[in-house]
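Would you mind keeping the following structure in view while I ask a few things?
Per-chain numbering from 1; labels A, B, C and D assigned in written order.
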Amino acid sequence: MTGHVRTGTTAPRAPWLTLRRREMFEGWLFVSPTLIGFLIFFLGPLIAIVIYSLSEWNLLSQQMTYIGTANYQDALTQNPDFWHVIRNSVIFAAGLVPLNMTLALALALALCRPGRGVVFFRTAFFAPVVTSAVAWAIVWKFLLQGEAGAVNQMLATVGINGPNWLREPDWAMVAVIATRVLKMVGLNMILYIAALQSIPRDYEDAARLEGAGNWQIFRMVTWPLLAPSTLIIMVITTIGSFKVFDHIYLMTGGGPENGTLVLAFYIYEQAFEFFNVGYASALAMIMFAIVLVLALVQIMLRQKGSA
Amino acid sequence: MHPRRLAATTLAAMTFITAPLAAEELRFTLWTGNDAHLAIFNEIAKGFTETHPDVTVSFESIPAADYTQKLTFQLAGGNPPDLGWMFEDVIPGFVEAGVVEDLRPALEAAEGYELEDFSEPAMALWSEKDAIHGVPFSTSPFMIYYNKDMFDAAGLETPPELAGKGEWDMEKFREVAMALAEANSGKWGFEFKDGQGYDSRILHAIMPAIRVYGGYAWRDGDCGFDEPEAVEAITQLHDMVFKDKSIVPPGEQGDFFSGNSAMTVNQISRASLLADADFEWGIAPLPTGPAGASPIIGQAGIVVFSQSKKQELAQEFVAYMTNPENSELMAEFFPPARHSVLQSDTFVAANELIPSEQMAYVGKAIEEGHVLPSHPRYAQIYAAMKPRMDALWRADADVQTSLEAVCTAIEDQL
Amino acid sequence: MSSLKLRNVTKTFGKTKVIHGIDLDVLEGEFVVFVGPSGCGKSTLLRMIAGLEDISGGELWIGGRQVNEVQAARRGVAMVFQSYALYPHLTVRQNMGFGLKVRKEKPDSIARKVDEAAMTLQLEKLLDRYPRELSGGQRQRVAIGRAIVGDPKVFLFDEPLSNLDAELRVHMRAEIASLHRRLENTMIYVTHDQIEAMTLADRIVVLRDGRIEQVGNPKELYAHPDNIFVAQFIGSPKMNICSADAFAPELTRAGIPMEGVAQIGLRPEHLRIVPDGGLIKGQVALSEYTGGGSLLHVEMEGAGRFLVLSEGQEGPQPGDEVQLDFDTANLHRFDAEGRSLQAAREPVPA
Amino acid sequence: MELTIRQAAIVKKLCWTLALSVVAVPFLFPFLWMISSAFKNANEIFGQPSLIPDVWRWRNFVEVFEYQPFARQYFNSIYIAVLVTGLTLILSSLAGYALARMRFAGAGLLMLFLLSALMVPEEVTIVPNFFLMKWLGAMDTHIPLVLLPVFGPHGVMATFLMRQYFVSLPKELEEAGKMDGLSRLGVWWKIALPMSRPALAAVAIITFLFSWNLFLEPLVFLSSIENFTLPLALSNFTDPYGSPLWHLQLAATSLAVVPILIVYLIAQRQIIESFAMSGVKG
């Protein structure tokens, strides 16, 4: 090698900090704040939950006893509340996700092209998204009162005798789903509008020239092209629906008759109202598992569908 | 140096050194943010500083809805208050968890405290064997508050008048409530305590009726809600809500204090809410029932938390706050369980909003009343009971079946 | 002295080796073009020289210094990117002065150098515009200007003309050529377009699959390609190649030694249509009129199609039988491995 | 009567607008009702519903500030949201950039690792975080309200969005920056970030709203009223016995909601464009 070097300059030995090492070092440096925070505030707690969930632990007296998998057994086989809560969570998600996504897509289709009034409607539908959940719940709780509530008074003017929304378990579930959809649908609408706008117009024009009607264009062209966005939106919405806490806490407190007692609220109640940290942690692990499985199933279904 | 001067200098130096330490602050969590109430507490705190010049007591109001929870967060979160106000329903749980101190030694050591002045039944909940876990500074009976204007509008005799004639019973109560609702369109005859009778104050709503019908909530691990007396009592309330439509039903707001209900049940501490009321009002005893009169008492006590680092000082403050003089001072809103105070003239004159003849009902009720049911696992019992109670408060509910369901749900916890 | 020196330079991505031991010396002031089909590794090689890709093996020397582990900005090279890579949030002036500013030069010195470069490239009027307000050609010039400003030892161009339309490309090509004459810096230029390579290069490096196929000046590569790949890659329309067997008797008759020849090659422009007496013959399948003449697709018996350039307006029509003739000096002979069997030749000096 | 194409288009447009208007009612009515009730007294709120108060009771807005340290709580919400947004933008764009652009061992695994965090609801980790914060002595402070959103699932989501956007950016600009002598940090700061404005804006908006509306964490970590944030403060307008003071609650809610709505109205075009242009679409 040195035979080539006749200029008298020396060939430096490869430094320890090669460009490749440097890039690696810098890469880790860039992610390190996020990573360290993630480890401390996320992974650590997650591991802690596993340990907590194997013990009986009263938040107030702070006594911890190892009890093995008793908490899980209790939830899965002993406690009828648990399955009731799971059922509620599933109903909530099953009601909210399709309703939210259908409405979001419909609104997005109606509002994806610029035009007069479009800005107004987009703003209107997105406004609840920027409003705090507390405010939204406070107002709706009031509007949904039995007889004096504005909703029932409006229904009365068209001759419908509205139910006592938040006092009857089934109607309460309907009410929390509906008000949650109203609160969050704007976000999905915007995501769909973004997705729609990124679809080149050529496809639609081509389909139209071939004689396709609006519905056919949607079925054959738009919908398949939206598939990746739909998947992401669906995963986010589903996870969000399992995480719903503040809305329930403020609207119904899980009632009436535990009709809206969903998993996230149940965990909170067990941990911070009954001080059952161990049991709450076991529930949290179960929730983690459910959400993980749901997300994976949705992703896998989609991949299978597109394959 | 002369020994005495040395001692004096040392003392001065020590005072100097310990001065910053001596300027201590006691944190006291309260359930009320009412200015009138706070004024009294602050006055007491000021009195305390006469003997403890470096001590300040800061009262921290926590909204009632989250009180127990927030308090728990503070205790579990390592940010404990030194003292706190505590309700009858949760004190057994706190005692069981071992987070409150025994106050007996401090109370006995306090000069002029007269521990024996406290009525025995009132202390029952707060003591266990020899230990005293809290001092019930408020032993406040449930009273009927009525809106005189609305009674007048309906041309009805007021509850005190009826009580005077011995006619103030559950049947009359139902009759009056219905007449009031009819006479005052869009308003209600009766509202459960603080309008929360279907939510956080289920027991407050149903216990008065159950007791006067001769029933009970639970007793020695046995659930009393499905006993005939309780069923009968609740059937009456249920009918009043759904048949007579005289009680504010679930999901509606009919606030007594803003003039939307003619009657409600509450404690005298709420009188402060009526200082500016634009209607005439008064208080009366609870209606009697088949089992006679059975006043209900809600209690609140002061506890010292074990986690407090200023045990001694905190306990001294409890002893000071609940001594005979201060008890009298607080009696305006918080009737004490001290015989001496209840029988004094100052007590019946204590609350300027309430005429003394009405205050007399209060004193009587305290002497005769029973505390609301409580339990170490109250939170769990409540949570188990709540959904079944929700089911009860539906128009088409069968009271008997619903109450049996309540009992089934809570039996394990009892 | 060589300005740039590569010794056994290799590059692997994971387990795939994409550059196989390149050795190359580039002289001071030389204009070297890397050419090859897409995926041949020419851009990767250029980016390795630039410092944008690390070097897996071998040595890279720039101006007498080994720079394997020297950061891109400290190698004394400047690069013009295919997409120009002008910062959209900066004006032309800021774009051109950006590198100097990063290197902490004084503002007045930056201004002077930017103005100088702008003058060289006639960009004075565009200095305060944003890239989005420029035409393709203008952006191209700004990109070059940005490279000039830093006065690098070596200029690197990564397919700089491929985003321009045909006309502008010819124009810019000329501008780059004249720029090189003026600046006399070493330039390394990557393209897949052999015409650009031919017109610009002092020396062309033909790459295929991460290996150098041949290095030489344009004439040398055209006249004496080392192998079939180079022969076909250089020159347009590309060289006709057919099996030697098809015409072996005729060629042997013409006195050309055919021993060991597996394939022969003839450039379309070297074939002449003759009324008769041509060495080989075929039938016109297609005639593409190009203005100055026609490009004939001639079906040769047993040898596939040949492209033939025919001058003049009245060429043969499809279906016509034609006879083709050529100078035997223009015949390329290749062995079974595709290597040229050209007689030993004098290298054409750079 | 036959309609011309033009007339048919107008009719169609009218029908659409009418339909959308009907759909918009449940979205907009709550705001109107909230604002109008904010001016009513308690009795009128419970009386016959009407969108125009009998007497405009401006005093509600004064009482809101008298009842609890509402201005302080408002400020808490603002400064926490700003802090969380700033930190999230910096950290998520740093990490997102590294994951999109830099080749370092373990990057793929790390990405997967981080993505799994998106699946974990905050409710799950709140209990151990409660003890962690206790150990750090951060109970009843705003520290958890800043750290948990920045480093929790939301921060990961932001990182992911930034990464998606960086991946879609042309690489050559950054390489040009590198050739010009910028360090990695310089390339990130001077080139990648300025080009990522839409993504940064989208992340900033989501993050701000996320922090602004945070409820569970304040509920669990805060105990003193001066430390409350708006969502907690809003649900705290109760009389001393826990019954809501509706007129104050609604006045306070209006005060909390209207400024955000106004900002949104002013910036709605940019906000929606940001969402459209950023990688939010996945």
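Heads up, the rule we're going with is that a contact is a pair of C-beta atoms (placed from the backbone, for glycine too) under 8 Å apart; a residue touches a chain by one contact, two chains touch by 3 or more.
A quick note: this is a predicted structure, and the numbers were derived from the prediction, not measured.
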Shared interface partners, meaning chains that touch chain B and chain D: A
Top chain pair, ranked by number of contacting C-beta pairs: A-D
Chain whose mean Cα position lies farthest from chain C: B
Centroid distance [mean C-alpha coordinates] between chain C and chain A, Å: 54
Chain A-chain B separation of Cα centroids, rounded to whole Å: 42
Chain centre separation (chain B, chain C; CA means) in Å: 94
Overlap residues in chain C, where contacts from two or more other chains coincide: 51, 71
Chain D: positions in contact with at least two other chains: 46, 220, 246
Touching two or more other chains - residues of chain A: 23, 148, 272
Chain-to-chain touches, reported pairwise for every pair that qualifies: A-B, A-C, A-D, B-D, C-D
Footprint of chain D on chain C - complex, ascending: 47, 50-52, 71-74, 77-79, 81-89, 98-99, 102-103, 146, 150
Chain A-facing residues of chain B, complex: 69, 72-73, 75-76, 93-94, 96-99, 198-199, 249-253, 379-380, 383, 386-388, 390-391, 393-394
Partner chain D, residues of chain A touching it in the complex: 23-28, 30-31, 33-35, 37-38, 40-42, 44-46, 48-49, 52, 107, 110-111, 117, 119, 121-136, 138-140, 142-143, 148, 150, 153, 182, 186, 190-191, 193-195, 197-198, 228-229, 231-232, 239, 242-243, 245-246, 249-250, 263-264, 267-268, 271-272, 277, 280-281, 284-285, 287-288, 291-292, 295
In the complex with chain A, residue positions of chain D that touch it: 16-17, 20, 23-24, 26-31, 33-34, 37, 45-46, 49, 91-92, 94-95, 97-99, 102-107, 110, 114, 116-129, 131-132, 147-148, 150-153, 155-156, 159, 184, 188, 209, 212-213, 215-216, 219-220, 230-232, 234-235, 246, 249-250, 253, 256-257, 260-261, 264-265, 268-269, 271-272, 275-277, 280-282
Interface residues, chain C side, partner chain A - complex: 1, 5, 7, 51, 54, 59, 61, 64-66, 68-69, 71
